[in-house]
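When the chains are written out, they are named A, B, C and D in that same order, and each has its own residue count from 1.
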Amino acid sequence: MEINEKLVKKHGLSLEEYSSIKRLLGRDPNFLELGIFSAMWNEHCSYKSSRKHLKILPTKGKQVIQGPGENAGVIDIGDNDAIIFKIESHNHPSYIEPYQGAATGVGGILRDVFTMGARPIALLNSIHFGSPKHFKTKSLLNGVVSGIGGYGNCIGIPTVAGETKFNSTYNENILVNAMAVGHAKKDKIFYSKAKGINKSVVYVGSKTGRDGIHGASMASAEFDENSEDKKPTVQVGDPFTEKLLMEACLELMKDNSVISIQDMGAAGLTSSSVEMASKGELGIELNLDKVPCREDNMSPYEMMLSESQERMLIILEDGKENHARKIFEKWDIDFVIIGKTTKDNNLLLRYKNEIVGKIPIEALASKAPIYDRKWTKKKLPKKKINSKKLNKLNLKDAMIKILSSPNHSNKSWITDQYDQMVMCDTIQKSGSNAAIIRVHGKEKAIAVSVDSSANYCKAHPLTGGKQIVCENWRNLISVGSKPLAITNCLNFGNPENPEIMGEFAECLIGIKESCEFLNYPVVSGNVSFYNGTNNKNIWPTPVIGGVGLIDKLTKPMNHLFKKDNSTIIIVGKTFGHLEQSVFLEEIYSDLDGQPPEINLNNEKNNGEIVLDIIKNNLVYAVHDISQGGLLVALAEMCIGSKLGANIRKPKKLGNIFEYFFGEDQSRYILEVDKKNLTKVEKLLENNNIFYEDIGYTQREKLEIEKEMTVDIKDLCEINNQWYKNY
Amino acid sequence: MNSTVIVFPGSNCDRDIAVALEKMQFKNKMIWHKETKLPKSDLIVIPGGFSYGDYLRSGAIAGKSLIINEVIKVANQGCLVLGICNGFQILTETGLLKGVLLRNKNLKFINKDVNIKVIDNNNKFLKKYKNNQILKINIAHNEGNFFTNKDHLKELNEKKLIAFKYCDENGEINEDSNPNGSIDNIAGIFNSKKNILGMMPHPERMIDNLVSNTDGTNLFSSLLN
Amino acid sequence: MKFSITITLKKDVLDPQGKVVQNTLQNLNFKNLKNIRQGKYFEIEVNNDDQKDVEKKIDEMCKKLLVNLIIEDYKINKIS
Amino acid sequence: MKFSITITLKKDVLDPQGKVVQNTLQNLNFKNLKNIRQGKYFEIEVNNDDQKDVEKKIDEMCKKLLVNLIIEDYKINKIS
């Protein structure tokens, strides 16, 4: 087939990039090679627009065993235990086919984690949909939730936490981010770096079909005479096969047979083989006649670019082939030696006794383009709010409106569709600030949470970036865990637009500042650009997934009130920052102005003291104050606990809406037994932490002095309505 | 007591039940479905999960596996057999228990803690519970909607072969307390000799106060001697 | 040779799926809908030229695995 | 009037269910099996006598709800 300009463009490559390819090869590529370049040089695999900015993230720390660059990040939790985790986006596939898109998103991220030798122990997800009124939203929500559940439930890994948000910015481009967390022995972690010459390269897993062959290119009939029945198809997930593949891999990893292992994710066989070779600085030779194929007459192009799910590539130690084969046969999984490592640093492809492709590995990896795209800074928006207009409103009505809105309703309609308990180590399910998973057979546990604040990031990316890390950290603190490290999924619009690129660059600066200050390094992550359609980009939506450690597990800490007549304290100062708040959004549809500021010093000090207080067993309940402010947080503490609260009117702040709905950061609500109150106060005072005693818990009613009273029963009803009727 | 857990490809509550059995002092063995001989055991457990991906019908393909013939053999000789969730589905597919498990009436997977009532404790599985005792136990299934014909239903009632029914926290058995549409709120049944119990709820998830509660432990301790 | 098998729930067996689909369609404003039942469908290709023999085999497959005779009926058709 | 709809996965789309069923049948000693694909089946009864009109409506139902056109094909047949 002749390579022309049109074909190059169809492969998503610019003409400059095509010239570089010719230069690197010293000749024109053939069709197969062009496909391989296009897969390796696209944004998803090469990180060509983001790499420069990602470099600034702090990735090191005493707790870090493996930072970004591997299939997933690895952290140390003591006693030879390691936690391996990563988050990944599957936005576009989920919009096209919500069930399969979300399901294969879960399958993909699980492979990233068990490839490294971890048994997955928890799944999380962050899902963003368009306006609930948009005609597509309902079926997308339905499909995505049942897809996430369908895969996780079947493979038997609990889905324990997540976040679900609605906003019209996602009308044409939903976000589906899935995170997986696994547990491994610190001395049994597997990497993708190949080692040694002439080692067997083994293909295991499902057969290769024509699934999702490399987006833009194949859709047209032009470059294939049989294209009619060879259209690229949506990937279909097979969690049953993944379960077998996982068990087989984990069984093989028990001894020393594996040199390196890599799942086949985006760009399948191409990226997995190139990555292994590139990290090991050697070459790889594949005999494509051996690739297990699902369909007849598959071409080398299709085999190399297929994104069929549930497949892995393994490089084995000499002489271990039969031992390994037996394990995979036991689990009914295909096992085929398809090639070997070589010393000449090429990707060499043979098919029907011919060499059909030969590309230097470095041309595909280290020499892939890197761009320093133009970006513009965002100014801090002017303060706009006029607090006078607020006074006409009734506090109770505002609270009810927020708690019955889709974004703030109880999410059990979603979480009931996920098996949260399988594996029997879920100490705290979703519904609280973070989920808690016990390390199997031990007395310690990890806490996990995913968080995002797209409107803060939109208003001011730098502050927003800082804020999401802090919010995530706060959620982990609130359940009594020490935050250790994060993974991040950066969902942005078109990076060729300087404003979008600016959002990206500045969010990252914000993330970096918080992570550095809090000693909360980034160990893995994923970038998803081009979220949007027809020049309409989504709001910048970085999602942070954090993992914390509870080293001595006693009782899980959560946000529900426990006892009548205990004291309620707020840790951290309330200024009444209303701009960008849920209150303004839900009541006035007003999203102007600046996001709340973050003071990293306060964040750290407040968090560390609250953790101390929890560890000393001095509190019954802890809740961070986040989107929605104080009153929404208080209501959440009542809902589900059947207890209420009696809150005094603030002394100083003029405007009660600012006080009760302001979203000032770094704050926590604590429920303290009266007998522990002096101890807690002392701890706070000795550390110069600002706190306020705001009232006490009581039965049945949430009351604000002179302002409102509401039955907890009604509150629950209000909070449960929306999904029931949707 | 010797117990044996049968592991099918796609079983995923096998570890959970093994942990529970060992905690309750059973001597437990795991048996891979391709084996053709069962070790000598007093109790055989078919665990929850998605055997063969729940493809075709949940439990259908596992119901045709080699090892199942052995299970049928010893079950007919009186060996105790417990099928939980997918295990219950498999038992109905083999014919060891009558009836079928259809899709949940809301067509969604349901995972939550529900209340169930002990209907009859006059058997080896439930003797440590009281009749009408209310337990809170986790369910997690897509096809838990028990259905059977009139004759079988009559037999279940007359011969006291119903183990559990879904109820609310006050023990009321009605449509509101029926999570999945099961006929007469049935959550678990025995065969006519009462040596086989199939149930949708997961007792192995309820043996540890840190994780949930301990409402499931008596099922296992009933079986010890 | 290629055959199709359609498997449907017996009349007196509740079909929750069919019911939900029916409700949804009615909500989408499809009037005049009397009844919907959902079932399964298989296409089976066989290397064998003796039609009688094949039909017998397929019938056996249905009875042994594909169909739960307690709740389901089935029909076999030759496609090609 | 009564119609049937058969929905099948497009060629080249992975059919994990069909694959497992095929393996199981082969293990149960059904030789000569070349290929099995699983699909869905609906029977729809409608109160309406205008066949053209009904067929159009059913086609609409397929497109709007019953079929995922990205991965599935469908066929409508009149039964009675």
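Definition applied: a contact is a pair of C-beta atoms (placed from the backbone, for glycine too) under 8 Å apart; a residue touches a chain by one contact, two chains touch by 3 or more.
As the structure is a prediction and not an experimental result, all values here were calculated from the model.
Participant: Name whichever of A-B and B-D has more C-beta pairs touching across its two chains.
Facilitator: A-B
Participant: Roughly how many whole angstrom separate the Cα centroids of chain B and chain D?
Facilitator: Chain B and chain D have C-alpha centres separated by 34 Å.
Participant: Could you please state the distance in Å, as a whole number, between where the Cα atoms of chain A are centred and where those of chain D are centred?
Facilitator: Measuring from centre to centre gives 36 Å for this pair.
Participant: Taking each chain's centre as its mean C-alpha position, how far apart are chain C and chain D in Å?
Facilitator: 9
Participant: Multi-chain contacts in chain D: which residues touch at least two other chains?
Facilitator: Residue numbers touching two or more other chains: 16, 20-21, 24, 28, 38.
Participant: Quick one: which residues in chain B touch 2 or more of the other chains?
Facilitator: 52-53, 55-56, 61, 64
Participant: Enumerate the residues of chain A that touch no fewer than two other chains.
Facilitator: Only 238, 240-241, 332 qualify.
Participant: Taking all chains into account, which pairs touch?
Facilitator: A-B, A-D, B-C, B-D, C-D
Participant: What residues of chain C sit close enough to touch chain B in their complex?
Facilitator: 13-14, 16-17, 20, 64-66, 68, 70-71
Participant: What residues of chain A sit close enough to touch chain B in their complex?
Facilitator: 146, 149-150, 153-156, 238-241, 243-244, 330-332, 412, 415-427, 438, 553, 555-556
Participant: Which positions of chain D touch chain B when the two form their complex?
Facilitator: Answer in residue numbers: 16-17, 20-21, 24, 28, 38.
Participant: In the complex formed with chain C, which residues of chain D make contact?
Facilitator: Checking each residue of chain D against chain C gives 4, 6-8, 18, 21, 24-25, 28, 30, 32-48, 54, 57, 60-61, 64-66.
Participant: So in the complex, the part of chain A that touches chain D is made up of which residues?
Facilitator: 96-97, 100, 206, 209-211, 229-231, 233-238, 240-241, 294-295, 308-309, 332
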